[in-house]
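Labels run A, B and C following the written order; every chain starts at residue 1.
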Amino acid sequence: MQNMGIEVLFKGINSLRLWQGLWVTIRIALISMVFSIILGFLLGMVMNIPNKIIKFICRIYLEIVRIMPQLVLLFLVYFGAAKHLGMNLSGETAAVIVFTFWGTAEMGDLVRSALISIPKHQYDSGYGLGLNKWQVYLYIILPQTIRRLLPSAVNLLTRMIKTTSLVALIGVVEVLKVGKQIIDASRYTNPTAALWVYGAVFFMYFIICFPFSRLSRVLEKKFAD
Amino acid sequence: MGQPILEVEHLKKSYVNNVPILDDVSFSLQKGEVVVIVGPSGCGKSTFLRCINRLEEIDTGVLKLNGVSYEKEKKNISKVREKIGMVFQSYDLFPNMTILNNLLLAPMKVQKRNKEEVKKEAEQLLDRVGLLDKKDNYPRQLSGGQKQRVAIVRAMLMHPEIMLLDEITAALDPEMVREVLQVVLELAKTGMTMLIVTHEMEFARSVADRVIFMDKGNIVEENTPEQFFDNPETDRAKQFLNSFHYETVKK
Amino acid sequence: MDFEFIREQTPLYIEAAKLTLHMAVIGVLLAIVVGLVCSMIKYFRIPVLRQIVECYIELSRNTPLLIQLFFLYFGLPKIGIVLSSEQCAITGLTFLGGSYMAEAFRSGLDNVPPIQVESALSLGMSKSQVFTNIILPQAVSNSIPAFCANAIFLIKETSVFSAVALADLMFVTKDLIGIYYKTDEALFMLVIAYLIILLPISLICSFVERRVRYAEYGD
């Protein structure tokens, strides 16, 4: 039988190794996401404080995140921190810092707009019923905010998973690096390995991201008032 | 009476779940006549107008304009619609064009009329409804009442044989209702044939030659405005008219 | 910071920035073309093509550009399709951006209120007249904010082009850090270069966005 090349994926534990490689970036995405949600909620509330200086600082922060490519931020932290803080930040730590920095801004903006999208009379009727400020937030505003946030938060997670693929460019050993190792190892036995390995990585990302983006869309429809 | 300008015979229409929205409605309209349709929400009166203009497809029945049936017309349906002007509740001016361009679009594109001639006519009509100074504004710069007056002018410019007005004041603030209805009254005086759906009972009484009361997809009562509003024949019409009155609370 | 070094290396960054911008402009324009075609196919529900477009959009939106580029650059040559770095970069950016633009334009189309179509029809306009005179202009202005956001997103995405050996800003920066250990200077110039490219575009976009939002229905 002619050598197709696809068997490179099924040789030994190659498939497993690829998934393990992908897990490295997904783990970064998940950790960053958890931090981003927590910090993003705080940021979102802070951004609604009617104070010019706070507003201005938040504006600058969001603008930086909006304009700077994530890879540039990764370079800044990875190479910059190594030099100035004298510590050798691992690629993964640098990535978590950068993706949290990015995710917090995105999440914060989402929380902010979710908060202001809740009509003022919701607060008023809460106060009118004799609830105090915290009770109004906890029982009336927060549940409605979360409903509005959930679809975009899930969407942010898929973007996070896709974007963490960039860590390959600051030397983190993840799915692309593992793929390269597999390709190099089978250079002579399987010359078309690159096609199959990178093709597989492409579909692995798809398999992970597709359900989340579907979920995000389903939630969006469900929560549309 | 001569040939009716519009005839509707045994019109039936139901939505996907087979709930009939119009159940065997027959109706005719004479040239120059103004007919007002009233009835509770959901009685099918708006759907009825939309079917006449074929914005909704009908299940069965016949629609005739000047004796020619058009309920199955596909290719030339826009020719029919040219002759039947329609004004909707609201939001139907094209937001990306100035008032004047809103008015010029259809006469120029559809009827291929000369721009200068249409423009002159448009300005005359705008002047008549008191909005000539707004011709270069965009719809967003106009109040709801002003927009509806423009929408009426836009339909008039096509020189329709019939005008369908579908609750044209329902989305307006109360103080703007009058300025729009005044325009409709003026139109009625010029002999325009109109079929009007409205909730403004006082207006209905003064503009209508004939009132039709619809309920649950049927025409329940057809009468002169005086008879209908003072002495309705059917119980359902009485009930409906009563819903506009409040009893005085005496303490 | 070594300003002498910065001065010396500036031409290098200008070249790299030009390359980045060049790729980005072509990529964004092609993405708009692909997006328009795809959204039309979806809007008019053209059979078969529509399913293909839907598959494409899902594949493109659920995979990272970096992985797409690796497949194009390292994978495809194995079956005889050899693309240059530039061709890979533009193909990748178009593949990615096309779906984003398609979705943007499609929601622009969907957000044209049905009453607009109905009132145009009731003025006797034909379906194609309604489409070109009413639906299309409104859909375009509806989707301009999303187009802008996508353009910024795509320009940012060009930062991964160094992965396919394109001598862009990231590539030059990594080189300078590797060869001269001038980390601060290299990173400083990198940030400045991206600021110069993206800040004006971002400002123009928010300006356009505000104009468009203001030009909406107004009530």
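As a convention for this text, contacts are C-beta pairs under 8 Å (C-beta built on N, C-alpha and C of every residue); 3 or more make two chains touch, one makes a residue touch a chain.
All values reported here derive from a predicted model rather than from experimental measurement.
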For subunit B and subunit C, the contact-path distance works out to 1
Outermost chain relative to subunit A, judged by CA means, is B
Centre distance in Å when subunit B and subunit C are each reduced to the mean of their C-alpha atoms: 46
Taking each chain's centre as the mean position of its Cα atoms, how many Å separate subunit A from subunit B? 54
Length of the line joining the C-alpha centres of subunit A and subunit C, rounded to whole Å: 20
Within the complex, which stretch of subunit B touches subunit C? 50, 53, 55, 78-79, 81-86, 88-92, 94-96, 105-106, 109-111, 138-141, 144, 151, 154-155, 158, 164
Listed in rising order, subunit C residues that touch subunit A in their complex are 58-59, 61-64, 66-68, 70-71, 74-79, 152, 156-160, 162-163, 170, 173-174, 177, 183-184, 187, 190-191, 194-195, 198-199, 202
Please give the residue numbers of subunit C that touch subunit B in the complex, ascending. 113, 115-116, 118-126, 129, 133-134, 137-138, 141, 215-219
Along subunit A, where are the residues that touch subunit C in the complex? 5, 63, 66-72, 75-76, 79-80, 82-83, 158, 162-163, 165-166, 168-169, 176, 179, 183, 191-199, 201-202, 205-206, 209-210, 213
